[in-house]
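Heads up, the next two complexes both have chain A, just with different partners, chain B and then chain C.
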Partner chain A sequence: MSIDLPGFADPVSGAQTCFRAVLDAMARPGSLHAAGQGLTPPAPLDPATAAVLLTLVDADTTLATDAACAPARDWLVFHCGAPLAADPAAAAFVLATALPDLATLRAGTDEGPEEAATLVLQVAALGRGAALRLAGPGLRTPATLRVEGLPEGFASAWARNHALFPRGVDIILCAGDQLAALPRSVAITEEAS
Partner chain B sequence: MKGYNFAYLDEQTKRMIRRALLKAVAIPGHQVPFGSREMPLPYGWGTGGIQVTAAVLGEADVLKVIDQGADDTTNAVSIRRFFGRTAGVATTTHTTEATVIQTRHRIPEVALREDQIIVYQVPQPEPLSKLEPSRAETRRMHGLAEYGAMHVKLYEDITRFGHVAISYDYPVMVNGRYLMAPSPIPAFDNPKMHMMPALQLFGAGREQRIYAVPPWTAVRSLDFEDHPFRTTRAPHACGLCGAADSYLDEVVTDDRGGRLFVCSDTDFCEGRRAAGHLGSEAGAETGTDMAAE
Partner chain C sequence: MPIPDPDPNIAARQRWMAVLARAAATQIEALLEAVPPLPDCVVLRGPEAGLVMLRGRAGGAGTRFNMGEMTVTRCTVRSTGGQVGHAYVSGRDGRQAELAARLDAALQDPARHDAIQAAVIAPLAEAQAAARAETTRKAAATRVQFFTMATMRS
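== the complex of A and B ==
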């Protein structure tokens, strides 16, 4: 089926380039970065989403996907070798195309907050849509990130996640061949558009 | 670089380090455990920094490595050559040209930019290690943000010596939450960490910890209202370039008590001399061959 679609043409530099994009996105919340150009992942994955998973997920990490991403599971298992978790609450990486309830994902512990899940969330578009105002580490002044495809009330769901700090879920937003990140340290308010 | 993967480490190890780095950036100042590998040099020579650099480095990067500020010491030369050989990346001694700077115990004098990453080699990542030897206990103290013991240590210093007697590895609070060891940089460099435009990554190989400070993040050196944090430097100008604001190394020049104070940051010093600034000892030729590698 979908496993005959290729991964990175050059796995070493492909993963490195994508990692630097994610690292920069995580270090500067809300900044947009190119990722996954040239990738031809199976539906419903966008190139950026696929690139992030190829870069970070492997046999050492459990991966959970929502039902919409089920057609891409064979491809992910073949290329990443990640064990699939049926329960998102047990997964280190969660792949979704619609925002899951953040409170159900692994948030880590006070002593081991790094054990929290990373949510790879594919959205309709980055750079347009509803405006989120971000403030926190990595931002000299508050920044604006426009995202199309986040549900109403995302800011309040995020506020509950952010309040757990240093625990909490980190989100990597992907759309097309672009990505942005929302580390748990960032505070988000919805901007009137 | 035949026989090695790009930048020495295998891809699975890089992924493991990369995942740790992302969590470290998301939780500024928190020490993330990682599966530190054996590297082809002993612990204490920068194995943590090297592993972080190897996970971050790409073909387009320009790498600078400094050891106590100097580009020309054994450690710096070896690590620069190591990556030149195993990754084929361009290397430089100029701070402004570098995209990734691996450092042992200094922050360059020139302000770093947003497009740069600085990687610190860390011998002891746990700031509380001298107060509480148990890892399990310090983990709990970090979890509870219970840092009273460190304040007591600073207070005891003030009662005994009249000031906080920590000249390097001076503890800092990151983003108002985590107590962090800034690696043994001189306290002189601590203010540079505060709201630094560049991303700061820390790797401790033997202790198997990675931590990070994102750009534009508050890094406050611990102090008291009536005993504010102060930096100190040797009360001299650099003998070679005349700089009066840089961190200085004291060099013994003879067996009759001769002393020379020179910038610890060799690139900064060379840059100033190239621009025509000369110190009182500039004619003595000491250190003019420092640029040669």
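== the complex of A and C ==
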């Protein structure tokens, strides 16, 4: 059991602040937002990753984590009260430190696109690393997001996810105390750096 | 009544947690003056109030039904010694929940257990048993004997 670390110092304002950050990040894909300052989550979670999960995951949403995040499961269950799903394909939220195959996650249906999974992906760094060029709703002109820690071929995997619109997986990228979002509506091309 | 756990350590902890859950914050605070100060604690969760669905059983087959919701306040703390204390108390008194959780953590520390058990838990348990006996005594005085026709004929 590793529940011996606190969650948000003030659960209401902590979750509201982080929710606002996620909302802004989703509305303007690729923009960086601060989240989770002051949180002391268990390894391997970064403060931003922990804040997003504490904010969005609750008893009504299933959560799946990859094997690398297993040490944090007790803490997440204790603070979020979320039922753990053994199979990521059945989970509403998927926590991972390495990009899973997006096609295996829940993509929702044409009648219920909101049933798609949200992938909370912890990466090495945001704001540096390989450049992604983003275009789509919320972006008047294409934006550039630099991410360190995404695998080669992310753009083609994303293209298949993007093609499913209005179905498809949304990604929240977290690193340190920063987050950025890639909603399913955004088109991504890899920029030569 | 809760079913005691077969593990004696857990059963003992259930007993002191039950006593603390029934004690008012002012009662606990008054008794705490007699013992060395409790170790410093980090609050892990709460105190936060919420609703718990109470379930009852009815009929010969014991079918479950939802009787109603009850306000419950819970709190979890970790003491400097590393013990994690939990408390679930009825009502909305966050102070009581936090005190009960801190005492639960301190009672798991062998160095403090006996002193707190004797100075805090035992008097509280005694007072609660006396209050219960008093209620039972008053209720017993109002007891009405019912006789069925079958009983009267025999």
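In this section, the second predicted complex is superposed on the first by the 192 of 193 C-alpha atoms of A that agree within 3 Å, B and C clash if a C-alpha of one lies under 4 Å from a C-alpha of the other, contacts with A are read in each partner's own complex, and residues count from 1 in each chain.
Just so it is clear, a contact is a pair of C-beta atoms (placed from the backbone, for glycine too) under 8 Å apart; a residue touches a chain by one contact, two chains touch by 3 or more.
A quick note: this is a predicted structure, and the numbers were derived from the prediction, not measured.
Visitor: After the match on chain A, would you call chain B and chain C a fit or a clash?
Guide: Aligned on chain A, chain B and chain C fit with no clash.
Visitor: Report for A:78: first if it touches chain B alone, second if chain C alone, otherwise both or neither.
Guide: The second partner, chain C, only.
Visitor: Taking the C-alpha centre of chain A as the vertex, compute the angle to the C-alpha centres of chain B and chain C, in steps of 10 degrees.
Guide: Given the fit on chain A C-alpha atoms, the answer is 90 degrees.
Visitor: Just to be sure I read the superposition right, which of the two partners does A:5 touch: chain B = first, chain C = second, or both, or neither?
Guide: In the superposition, A:5 contacts chain C only.
Visitor: Applying the document's definition of touch, where does A:110 land relative to chain B and chain C: first, second, both, or neither?
Guide: After superposing on A, A:110 lies in contact with chain B but is clear of chain C.
Visitor: Name the contact category of A:60: first (chain B only), second (chain C only), both, or neither.
Guide: In the superposition, A:60 contacts chain B only.
Visitor: Does chain B (first) or chain C (second) touch A:33, or do both, or does neither?
Guide: A:33 contacts neither chain B nor chain C.
Visitor: Please indicate which partner A:140 is in contact with in the superposed arrangement: first for chain B, second for chain C, both, or neither.
Guide: Touch partner of A:140: chain B, not chain C.
Visitor: Between chain B and chain C, what is the tightest CA to CA spacing in Å in the combined model?
Guide: 10
Visitor: State which residues of chain A lie in both footprints, the one left by chain B and the one left by chain C.
Guide: After superposing on chain A, chain A residues 11 contact both chain B and chain C.
Visitor: Which residues, counting only chain B, touch chain A once they are in their complex?
Guide: Residues 5-6, 11-12, 14-16, 18-28, 30, 32-33, 55-59, 139-140, 142-144, 175, 177-178, 195, 197, 199, 212-218.
Visitor: Across the complex, what residues on chain C touch chain A?
Guide: Residues 42-45, 48, 76, 78, 82, 84.
Visitor: Applying the document's contact rule, which stretches of chain A touch chain B when the two form their complex?
Guide: So the residues of chain A in touch with chain B come to 11-13, 15-17, 19-20, 22-24, 26-28, 55-56, 58-61, 109-114, 116, 118, 137-140, 165-166, 170, 183-185.
Visitor: Sort out for me which residues of chain A touch chain C in the complex.
Guide: My answer: residues 1, 3-7, 11, 78-79.
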